[in-house]
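In order of appearance the chains are A, B, C and D, and numbering begins at 1 in each one.
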Amino acid sequence: MIRLTKAKALWIYETMVRIRRFEERSIELFQAGELPGFLHAYIGEEAVAAGVCAHLTPKDQITSTHRGHGHMIAKGLHYKGMFAELYARATGYCKGKGGSMHIADQDLGALGANGIVGGGIPIAAGAALGLKLKGENHVVVSFFGDGASNEGAFHEGINIAATWKLPAVFVCENNGFAESTPRATHQAVQDIADRAKAYGIPGIVVDGMDPQAVFEAAGEAIAHARKGRGPTLIEAKTMRFLGHYVGDPGTAYGHDKEVGKWLKRDPLITFAETLEKKKWLSKKSIDAIHEKVNKEMEEAIEFARKSPEPELDDAMTDIYATV
Amino acid sequence: MREILYREAIIEALDEEMARDDSVFLLGEDIAEFGGSYKTTVGLLDKYGAERVRNTPISEQGIIGAALGAALVGMRPVAELMYIDFSAVAMDQIVNQVAKVRYMFGGKANTSLVIRTQGGAGRSSAAQHAQSLEAWFVHVPGLKVVMPSSARDAKGLLKASIRDDDPVFFIEHKLLYLEKGAVPEEEEIIPIGVAEVKREGGDLTIVATSSMVGKSLAAAEELEKEGVSCEIIDPRTLFPLDTETILASIRKTGRLLITHEAVQRCGWGAEIAALAAKDAFDYLDAPIERVCAKETPVPFSPKLESYVIPGKDDVIAGVRGMLETV
Amino acid sequence: MIRLTKAKALWIYETMVRIRRFEERSIELFQAGELPGFLHAYIGEEAVAAGVCAHLTPKDQITSTHRGHGHMIAKGLHYKGMFAELYARATGYCKGKGGSMHIADQDLGALGANGIVGGGIPIAAGAALGLKLKGENHVVVSFFGDGASNEGAFHEGINIAATWKLPAVFVCENNGFAESTPRATHQAVQDIADRAKAYGIPGIVVDGMDPQAVFEAAGEAIAHARKGRGPTLIEAKTMRFLGHYVGDPGTAYGHDKEVGKWLKRDPLITFAETLEKKKWLSKKSIDAIHEKVNKEMEEAIEFARKSPEPELDDAMTDIYATV
Amino acid sequence: MREILYREAIIEALDEEMARDDSVFLLGEDIAEFGGSYKTTVGLLDKYGAERVRNTPISEQGIIGAALGAALVGMRPVAELMYIDFSAVAMDQIVNQVAKVRYMFGGKANTSLVIRTQGGAGRSSAAQHAQSLEAWFVHVPGLKVVMPSSARDAKGLLKASIRDDDPVFFIEHKLLYLEKGAVPEEEEIIPIGVAEVKREGGDLTIVATSSMVGKSLAAAEELEKEGVSCEIIDPRTLFPLDTETILASIRKTGRLLITHEAVQRCGWGAEIAALAAKDAFDYLDAPIERVCAKETPVPFSPKLESYVIPGKDDVIAGVRGMLETV
């Protein structure tokens, strides 16, 4: 088992803070009418992105979802390009053409958020195939939700990865809801990890509110993949603390009843406590992290605000490499 | 006449048809407690219960397949695809199954079902949530394709679609949901296959669909001030198509502009141009103009999005260009 | 457990003979150039269709595949309409518009063969939903192959049926090949029945060469479904004795090596022996069955041959109910 | 010049590109030992091994997604969809992913991949195995669409497609596979976006694709005897489209007939008609004619199938009709 070192633990903690703060600020900016489109906040699920991505290098790849900011931050994308994208500015990761649901950076191994539920899963299998064919020892992690696990793309993508023993890890963020639909009404199986049995690969349930548990499970799965032993399906039980999208109160479908008990397990609080107990962090160093993150965040927001919008002509570029 | 929202018109149509006919039921993602992503099924769960207002898993192939199977055994399902973009996930069921079973089975197949969805841009939803893909479905024999531009049409046509014995692909527009329009209290069925002349005029014919109808009407108001009189035709159903109404107008005006929100190339407008260039050729006094989306995925940036999607001003410019030609 | 009665056993035997003979004759006719299009023969797999359909009434429904003749015969479709369809005649089940891959008869509960691998599975779920909503106590059986179990439609269709506890039975005819692709190279799981675990429903492996075993397993699954307890996934291990389509020698991909050991387990031979041992059948009665079937078959072929082709105008009917 | 089969031309193109570039690999159903359903990959498994000639599960979404993912990390996959009809199963990956990632990601995405498939009728394969769906893909910005009508074009264009940095949807024809044609031994790359005038003539322009090119050439031979001289243009790539070659011909002949095997309504031919009705309006002497499949699913019966799918005689009748009009 790969143990959680102090350095990794601190990285995970700081990454969670970065994600949380990014989301809090985007929500505020969105509500202030500064950001177009719509947003899906990752708040509450930070331990998953951070715990998994702690193992990845920039050459490793991820695919992500509509709720993708957390994955992108954990994969090393910088706030400036992300905020600029949310602001639809030319300096954004997608030059303002993609927005929240399509943030990507090939150079950092981020093969994109995705607006199609389940859409990233076969792409992840393909990236893993590509890496394998290139003889590179990198892995691909595909993040997706409980709802996505009912899409045909889930089935086809994982089956291919399993059949070809590709270096991929499939991380299901089971937050108990697909938009407004409670999990129990969209599938009859108890643990989504059981779906691994359909592909002859390991399936692991992990507490998605516990960064260490996520880190350990992901570490094993990633090592397994790097060794050429094929994919793993990890189900991280977690909860989004907010509605499906920013603006959804979550009351219509019983989210409010569910979320209460999860709030107590906020990984930002519990993990800080754990690290304090281990003396890896102090109140002071925690404050320092928050301060640093806040400062970077505000700089990034300023950067985004001051960035130019794309020119009209930009609408017609990047459609093809050559025509 | 009272005015209601387009989205309320949808709810009323569903409600009335469910009350009238027990075999009508709804299925789709988040249509129950949530009332649908665009609130087009609000209140129906309470009224008809979870058996007839069914939240599905996120499984678009499953949704359409389930609708078809239920239709085959005699039900009249109304399936919702949350965004027309997601029809791509279900394309096999829509095109290879729903549209074809009647024919493949030699005519013996109940396929009375409606697939409701919504398309169009205007909310910075980016490339996977803002497409206009109607041309795909018009290209598929076996499907009927309906695309209402007003609350009244939405209601009357949805009721007709639910009663129709063929599969109807029913395309709403995300920006129209919150537009109000006059809708009669009493029951109204608007027949499939009948266009409406939304405005009479003598100088040129504009054939417009969905959100472009309103924009064209606004454009026509402005053009009127310049002394240009536009006739605006909304086909309302793209198939079956009321070719006579369209051709009659072209024969009268001698000029044709077609406008829709879909990308121009291989869009539905090309079919109307081809129709005119064949069956109204001798009446055409000017090149046929198309005012459509630019040929790109829909960008996220509101600035770019409104540049790419045709607006009132694009229609005006298109009309002016045509008149200069002569 | 539903026991195999003598009547059912004889029905199953005769049904298998009917299927076998139908396929043998179609192959001959095809090779003689009398039939257009292409054919996928069901020879070798008869025990599955017969053993399952022995439980069904005309109000129960089935969906089928490109390899659908066996299911259709077992569901009660008559040879005349089937041969006429293969001959593309106006008297065929589909008036000559569908052909081998689209034979269907709504009145007999046959919701169609299907040219799209996996395409029938969500439709079966839907038919089961429809029956449930109508309050009718009928069931739907969906037949499909091992290859089909890798399609997204399989996943979505079964998940919906399981979630809603629909009266459906999913019968995977695992013949070890998807076209030329051996099963082990298209999925890593050992038993396809294990995929049931992904949906929280029972998964059963059954010997698809043994009509009695199929009958018993199907009987239980169908009873389970009729009682409102939801679907079952049955995997019947079987083998097509011929190539993927008529004309495929099957040699390129190792089918010839596999098929040998299965031929010995030909259900038409082994089941006849079983029934003879039980004294439910004699050599004489077996001959009589064959003779009767042969006679009916030749009459049907004659009927088909003499039937008129569709008129050209027929090409443009049955596209819509009303236009 | 030596003659080889269209299907052999495909194999040669794949073979040469795989030999030239290690990042090129193939994936698809039954392409390995079996050599593909239409034998277009025969011999390549032996030559390049199972890593580069990969049999996939029956998972069309998975195949296209796998191709895209591999492309994103720098490979150049050539994915085969056994029938264009099955593209419906993979439509989301093709349209919402492959076609759009470059744009959505602001230009930073390797999407050099080819999707090879085959369409068309003529083998009594019925409604789910005989469609011509090219118009769908032309309607999608981000895709290039190639549709070769001869062995030579098939080879030269496939090589160009594999080297292209954009996703190319490459549509072969099941009946053309066994047609022979002259193909140079030496390497030839036929550029994407360049039409070919397959026959010169002065009385009218026929724009034809895929199998309709040969049928149009045969029709032109017969018409020549009647003193009618047809110019036949094969665009070869439907997008990017060589509009100049097409328009120049129309300007010369004044008459346009478009023919393809797809259903007429909202087919690709409508786009060409619309193009001409706009950009060659003043040169047109007669209504624009389309000779396309009748608007029905493809029937199984050979008699009905050949009635529904346009043939040489339909082209001849179309041409005669146009000349009478004047």
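Just so we're on the same page, contacts are C-beta pairs under 8 Å (C-beta built on N, C-alpha and C of every residue); 3 or more make two chains touch, one makes a residue touch a chain.
Values in this document were obtained by computation on a predicted structure and should not be read as measured data.
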Looking at C-D and A-D, which pair shares more C-beta contacts? A-D
Which chain's C-alpha centroid is most distant from that of subunit C? A
Centre distance in Å when subunit A and subunit B are each reduced to the mean of their C-alpha atoms: 36
I'd like to verify one number: the distance from the centre of subunit A to the centre of subunit D, where each centre is the average of its C-alpha atoms, in whole angstrom. 40
Between subunit B and subunit D, what's the gap in Å when you average each chain's C-alpha atoms? 30
Hunt down the residues of subunit B that sit against at least two other chains at once, touch-wise. 56-57, 59-62, 85-86, 89, 92, 96, 103-104, 126-128, 141-142, 295-297, 299
Each of the following residues of subunit C touches two or more other chains, namely 94, 96-98, 102, 114-116, 150-153, 155-156, 159, 163, 185-187, 319
In their complex, what parts of subunit A are in touch with subunit D? 61, 63, 92-98, 102, 104-107, 111-112, 114-116, 119, 121-131, 133-134, 140, 152-153, 155-157, 159-160, 163-164, 317-323
Sort out for me which residues of subunit A touch subunit B in the complex. 36-38, 85, 88, 94, 96-99, 101-102, 114-118, 147-148, 150-153, 178-181, 185-187, 252-254, 309-310, 312, 314-316, 319
Contact residues on subunit D for subunit B in the complex? 85-86, 88-89, 91-92, 94-96, 99-100, 103-104, 126-128, 133, 135-136, 138-142, 239, 262-263, 265-271, 273-274, 276-279, 281-282, 284, 286-290, 295-297, 299
Subunit C-facing residues of subunit B, complex: 23, 25, 51-52, 54, 56-57, 59-62, 64-75, 77, 92-93, 96-97, 101-112, 141-142, 144, 164-166, 193, 240
What residues on subunit B touch subunit A, complex-wise? 29-30, 32-35, 37, 55-62, 85-86, 89, 123-129, 294-297, 299-304, 307-308
